[in-house]
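The two complexes that follow have chain A in common; it is paired with chain B in the first and with chain C in the second.
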Partner chain A sequence: MNNISRHLQLTQFAALLVVFFILCFAIDPSENNILWRLPAFLAAVPEMLNSSVEYAMFEWMPIQTYNPEIEDYEDSALLIEVTRSISRAVLFGIELIREILVGGQKTIVAFTSWDFVSENEWAVWPALPWTVVAGVAIILGYALSGRWLAILVGCATTYIAVFGQWEPAMETLSFVLVAAPASVLLGVFLAILAFKFRVFESALMPLLNVAQTMPHFSYLVPVTVFFGVGDHAGAIATIIFATPPMIRLTLLGLKGVSPEVLEAGMMNGCNKLQLMFKVLIPTARHDILVGVNQVIMQCLAMAVIASFIGAKGLGFNLLLALNQLRIGQALELGICIVLIAVVLDKLSLGWANKQIDYFADLSFSQRNKYPLMMAAILVLGVLLASIGSLIFKNEINYFYLIPHNQGITTENFWQSGVDWMVENWYASLQAFNKGLIINLLVPMKNAYLSMPVAATFVLVMGIGYIVGGLRSALVVGGLLLFIASTEWWDRALITAYMATFGVLVSVVIGTVTGSLCAQNSFATRAILLLCDTFQTFPSFIYLIPVIMLFGVTDTSVLIAVVIYATIPAIRYTVEGLSNVPQSLQDAGTMSGVSRIQRWLQIEMPLAFPHIMLGINQTVVFALFMVIIGAMIGTDDLGQLILKSLSDKHGIGNGLMLGLCVAFIGLAVDQILRTWAHQRKQALGLA
Partner chain B sequence: MNFSKLRNKMMAGAIALVFASIGTQAWAKDSSKPIVIPTHNWSSQVVMAYVIGGIFESMGNNVEYKPADSQAVYEAIRLGDITISHEVWQSTFGKSFYNAMAKGGVIDAGTHAAPTLEEMGVPQYVIDDNLCPGLPNWEALKNCKDVFSTADSGGKGRWLEGPQSWHGDLMPVRVKALGLEDDYVVKFAGGADAIWAELASAKKEGCGIITFNWTPNFTDAEGFVFIKFPGYTDGCRVVDGGDGACGSPNGWLKKAANYKFPKTHPAAYTAFSKLSFTTAQIGQMAALVDVDKMSHQDAAKKWLADNKDVWMPFTQ
Partner chain C sequence: MTNETSNTSDTAHTDNDRPVIKCDSVFKIFGENTTELMQQANGRIDVEAFKQAGCIFGVNNASFEVHKDEMLIVMGLSGSGKSTLLRCISKLTDTTAGNIYIDGEDLLAMNPKQLIELRRNKMGMVFQSFALLPHKTVLENIAFPLQVKGTNTKDSMQRAMKMVELVDLGGRENYFPRQLSGGQQQRVGIARSLAVEPDIWFLDEPFSALDPLIRKEMQDEFLRLQEMLHKTILFVTHDFDEALRLADRIAIMKDGVIEQCDTPANIVLHPVTEYVAKFTNDVPREKVLTCGNVMEDIATASDLSELKVSRDAIIETVAEAILSEEKPVAVVDENNEAVGSLHASHVIHVLFSKDQPGTSQDLLRAGK
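Coming up: the complex of A and B.
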């Protein structure tokens, strides 16, 4: 039965391809032919979007406020006053944390005024010595999870301080410490709402889909218009980026709680709130924790992008270093970002896994062991810093704050490494580059561009129909129709070509590497760590050496895409393979299969649905990186998204272009997800 | 008698009024709210930000620095989130600057003394090694497309232009207008970093490369030669009704400010509008970071200490 339907599907695919190619050859490529390219029905939408946003922001419900500084009334509007007060609240939070860590006067200003601070020179909050922050973090690590975490935290903080990146690192940390908890709380809150109210869930889901596939560049301009420029804008863009996975994973966790647990809670007389916070959420903890991990990754992955709209810290310094082609320095900054991500992730994990010991009978000093130790560290650190000020009289006080870029550095080592690479590899890579571009990339791009729009629709909707029936066909058709009705169809095709190439290569590399690493538990852990690292490691750093080797070409963009998009392919392959039940593997071994057979016949088919979800993620990652590839130089949707930062109709253009990219991702998502679901059911996994 | 008394009183009152108004003008104090200066991702701009910040601070103002994208910054100035911009390059940011100005909220705060040029050119060694005889005259390009060809240029020579947001289709139009379209294509880079990376690797290999660049810039130190195109005349560009077969004009480097800045910080605004740096001064600032590897803040401090005679007059 299964076999027959499979053959049927193959025949359908073959027929579809035949129709597709006939259409490709039959349709006349002329601008007026509606089958070749659809007219741009939506060409006026970006401008409309733009003017309506501007109307809402600056003209709707006008308010006149008196500005004493210019002694005049100013026109303002309701919405901008509302968004700016949100901005101020977020900014206050960031600056409070920042000034506790590295000192400053903004928080004092918030309670007094700039006049007060100008007149009273003492009104500056001093920075904590780095030793104190590091010491407190180490104790926190020890308290939450023991010796190993303490050592990790110690190494990370020392690295950051000694390499002279303390201040930018603390600036980044302060905005992450606002954005990450905000994303987690918002995510849990929205997930609970979605869990409680079906209507809300069905309204939220499409929004989440779009938010997760939309490139972050496209909402930078709207964020600056709504919220202004600065750390708060960076934090808000980060929250938009980091919340969707949190919602999804929390919802998944809540839905996965078995009814028995729920009933046990009700039998114990829980009210609704208790049921949610004492039963459901603790039970769903595992998924929620994965969500927290994702939030932290996403927040630090945004560290560089956020500096485009005013976030201070590592990201900004990284871009500055790259502009001077100081790759070594950028690398050290990138490592700081990864270290902060790892430390925060482990600390939050340790905190969540901490069990409260209800029966311990402890004395005051035992109960408050850690706070007391932290207080001692504070005293010691301050003492050390003042001793330091005596030792290093007119120099840098290494026990207090090591100024930016005044620590030790390995820059020259990395720099000479890059130089060596360019000198020795350039010539041989040139041949490869040329061959790839002439024989593969240019023909592939041209093939994509020579597809008539009608043929594209038939192909994509046909695949949708074969895989998921009429519903899928209509969904992908609708998404495609949107893109085809903008004036950017050709550019979307170029984006699609680069994403396709990137995904194909990434999936091959990812599944092979993943399969190999899954054979050994040590290799599994190592590769997952590597995946985590590369997910937060700012891709901008490897863009520069790649450009040096391959020039401003599609090759460079695609290499960056493959490096980034392989991460989910590997991760999901490893996870999928390690979740194959041991009993099935044993059964296979007993039946006398070889290792290769076991991999091909048992493990891969069983892990396949999970790997499909990985491929789904690979598509999203690839699209993201193709858009970031605009920083290298592309002529696709990304180029225009980057351009929208300075456009007159920047908001409208940015959002529409972002939607186009999101819809490419969602069309693929629709097909892959449906297929994975069917396979799961066929295998009895769902 | 009475009348003259009254007149005297009126005179005295008038004089007092005049004095009072002079007094308020001379003593109109700058607001203590910080002046927000943007920092972008290139050295001279960041050092200059700290230099200008230092000047404002010496006048008793509070200053704050905010990183911002160099294109998106004008919208932020317009809305008052950022107060000034001190490096508005004509051909790269002119468009964004005027777009924001047209919407209202941004004012032109004068021009730096430094003459600028933003044009296609080649690194010095291309001339020294005579890779394309006849350069920097543009007509020499006709005979050496192979020197400048790349993997993806389809056998033609390649002009590496900045992102499209800088000057749109100016260069493709120029290539066509000069009759070079059979020999050259224009490739848009994604940003300045991409251009520097290509220049660095081309230099290591000693290959020919044509890129968009500007002066004053850090590339001046190693030598960069701008191609001599037919001279710029008013109206020669396609947008102005010409055929586009002309080079770039000698450009300006302007300063921009939020419209409220003159009112909230009259003294600082006056200094800012007077402020004007020359090519040599901008070069010094960049060299302190790029060559001497100082941090941006330290470079600014050193420059301010060494050049009191340059910036003091701005504040008076």
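Coming up: the complex of A and C.
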């Protein structure tokens, strides 16, 4: 029965393809032909969005506010006052942490005034010596998780300081230390609401779906309109960007708590608050921690991108270095970001796994061992810094604060490496590059662009119908209709072509590598560890080596896409294959299957639904990377989003473009997810 | 062991009129239109009409009482509604109709605050899958109900430590649940449910997830605890042997209905429905019945042998002695006064002729 229906699906697909090609050739490519391109029904929407946002920001609900400078009341819109106070609060938080770490005046100003600070010379918060920050971090690492984490933290902090990236790194850190907790709290809060109220959940879910497929850049445009530019705007964009996965994972965790544990909590006499915070949330700890992890990763990924709207720190410098094509420096900065990501990740995990000894009966000094050690480090560090000021006299005090770009640098080494590569490999790389572009990319791009809109609809909705019935077809069609009704259909096709290319290559590499590695338990563990590590890298980092090798071309973007998007493809393949039940493997062995037969007949069919979900992830990753690729020059939707960022009235365009990208992702998601779900049910895995 | 506890329950019946748990026509009905139908029914539930409307009866008209220090075991196969009944009484789910009284107080009329107070002070519950908090150690898990109540850390930890000793987990108090075996985890669950010294103890298939040997060990442990603590117990299981081994009284449920609620001996001797009889058929009677259950009238008292057996002695333990006597032996009560007689042939009759319909009259008589 199953066999017949599968063949039925195959014939359906074949028929669909035939219809698609007939339509492609039959439809006349003229601007007035509605079957060729839909008229841009939604062309006016961005402008409407702009004006309504402007109305909301500057005119809606005026309230009286007191302006101390002119000592009088003036009218101001409610919303702008609200966003201003949020901005101030966020900015205060960032600056407080930043000045504790690297010193400054702004926190003191916040409590007094600029006049006070300029009159009193002493009113400057001194920076902590980098040795103190590093020492405290090492002790923290030791206290939370033991020797190895301490060593890791020590290496990371020393690297950052010695390479002269201390200040920007601390700026980035202050940014993350504000954004990440805010995201986590907001995410948990919203997840609790969704858990408690069904209505809220069903309203939130579609929003989350869109939010998680919107490219990073699209978040920046609305944020600049509402919150201006600067560190706070970057932090707010990051919070908005990092919250959706937190909500989703927290909700997943809360729903996964076994009903008996909940009942046990109730029978132990918990009231509602205790039930939530002492039973449900701690029991869902694992998923929530994965969420926290995700938030930290997202924050660091966003740290680079937020520098477009004025967030200071490593990201900003990295952007600068990339723009100047200073690959060596970019590489060093990239490593700094990765180190911060890894350290924060491990520290947060260690913190969550801590336990208390109730009967230890310790003395005061034993109980407060770590705080005392930290205090000692503070004293020692300050002492060392003052000794340093005697040693280094008029030079830079390496024991206090190594100023930006005054440390050791390996830039020249990397740069000469790049130069060497360009010198020696230039011809072959360029040949590959040209060959790829002329023989593959350009024809593929043209093929995509020569698809009539009617044919695209038939193809995509047809696949939706075959896989998931009428409902899927309508959902996919609706998403597509939105994109087709904007003025950017051609751009969307270019984005789609790049993403398709990336996904195809990634999936081939991913499934092959994954299958090979899954044959051996050691290789399995190694490859999963590798995937874990690569996933902590902010997406932006991947652009560095490819620019190094291929310069600023489409090929660079595509290679970055492939590298980035291969990670989930490998991971899901390995997971899918190694989760095939042992009993089935044994049954296969006893039936005398060969290695290849086992792979084809047993492992692949069972792992395929899971691999499908991996491909789904691959699509989202590829889309993100294609959009980020706009920074090194593409001509798709991403480029337009980037442009709307510098446009004063860009919010309408920015949002609509973001939605276009999100909808491409969602359409693919709808089809793949439905299909994977059906297969899982058919195999009895769901 | 069983006879001793059944003994206490007998006295409890007479000493204490007010039951600790009293269920009065309790219904739990599942189905989308239950609320509407209930409003239309106006209090009187027509089971057939409800079933026609697509409702499912989790609990169907359950009425019973549990007295102080008594252990009532609710026995039924999966889907029989036994766990649902337990959850109605612990108010983990809402009861559709009927009344439940805990110590004479109307459970269903309680507001959330009163309910929390009741659970914090009077109730403890053990779960099938242990339901331990994975992020807390053994000690923290056991102290949890106390901390929820607001007991300070020092006192609650000391009390929890005592409970750790009580359930024989000394030395493992800083382990996490995942580091313990199933039996050990359930010991933690038991200790946690007893931490607040509740009067009423609910156990929901506490030993079903354990291996047979561990299960036996845990049952012994459980009996030891009950002998020490004398709780009022409502115990749910699907294991008939377990029920026979532990219970003062057994309520057998099928499709939400309590088919029979009686002492183990009476259930074995006089199953009232075919369904109950199916369970009792394969039961080794000599392990369940006491001499008092099967003795005859003392009419032939003149011709008794020297041997005396206690009324509460399980037949298995005295069978060899009785069978080696020619004459009937005297059955005596706790005051050593003869209350009945028992002849070897009668013992054999009771134990081995259970499937023959002709003997059912004898059995009926013997049971009384």
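Please note the rule applied: the second predicted complex is superposed on the first by the 601 of 686 C-alpha atoms of A that agree within 3 Å, B and C clash if a C-alpha of one lies under 4 Å from a C-alpha of the other, contacts with A are read in each partner's own complex, and residues count from 1 in each chain.
What we mean here is this: a residue touches a chain if its C-beta (ideal position, glycine included) is under 8 Å from a C-beta of that chain, and two chains touch if they have at least 3 such contacts.
Treat the numbers as computed from the prediction; the structure is a model and nothing was measured.
Chemist: A:N397 contacts which: chain B (first), chain C (second), both, neither?
Modeler: neither
Chemist: Quick check for you: in the superposed arrangement, does A:S218 touch first (chain B), second (chain C), both or neither?
Modeler: neither
Chemist: A:P282 in the overlay: touching chain B, chain C, both, or neither? Say first, second, both or neither.
Modeler: Second partner only, chain C.
Chemist: According to the stated criteria, A:T250 is in contact with first (chain B), second (chain C), both, or neither; which is it?
Modeler: neither
Chemist: Identify which of chain B and chain C touches the larger number of residues of chain A.
Modeler: B
Chemist: For A:C270, decide between first (touching chain B), second (touching chain C), both and neither.
Modeler: second
Chemist: Where does A:V261 make contact in the superposed view: on chain B (first), on chain C (second), on both, or on neither?
Modeler: A:V261: touches chain C, not chain B.
Chemist: Going by the contact definition given at the top, which residues of chain A touch chain B in one complex and chain C in the other?
Modeler: None.
Chemist: Enumerate the contact residues on chain C facing chain A in the complex.
Modeler: For this pair, the touching residues of chain C are 87, 90, 92, 112, 116-117, 119-121, 123-125, 127-137, 139, 144-145, 148-149, 153, 157, 161, 174, 189, 192-193, 196, 202.
Chemist: So in the complex, which bits of chain A are touching chain C?
Modeler: Going through chain A, the ones touching chain C are 258, 260-261, 263-264, 266-271, 274, 278-279, 282-283, 285, 355, 357-359.
Chemist: Please give the residue numbers of chain B that touch chain A in the complex, ascending.
Modeler: The contact residues of chain B facing chain A are 31-34, 39, 41-43, 46, 60, 62, 66-69, 71-76, 79, 81-82, 93, 95-96, 99, 150-152, 154, 160, 163-165, 187-194, 196-198, 200-201, 204-205, 218, 260, 263-264, 289-290, 295-297.
Chemist: Touching chain B in the complex: which residues of chain A?
Modeler: The contact residues of chain A facing chain B are 67, 69-72, 113-115, 117-118, 220-221, 224-225, 228-230, 307-312, 316, 319-320, 322-325, 403-406, 419, 422-423, 426-427, 430, 433-434, 437-438, 441-442, 543-544, 547-549, 551-555, 629-635, 639, 642-643, 645-648, 650.
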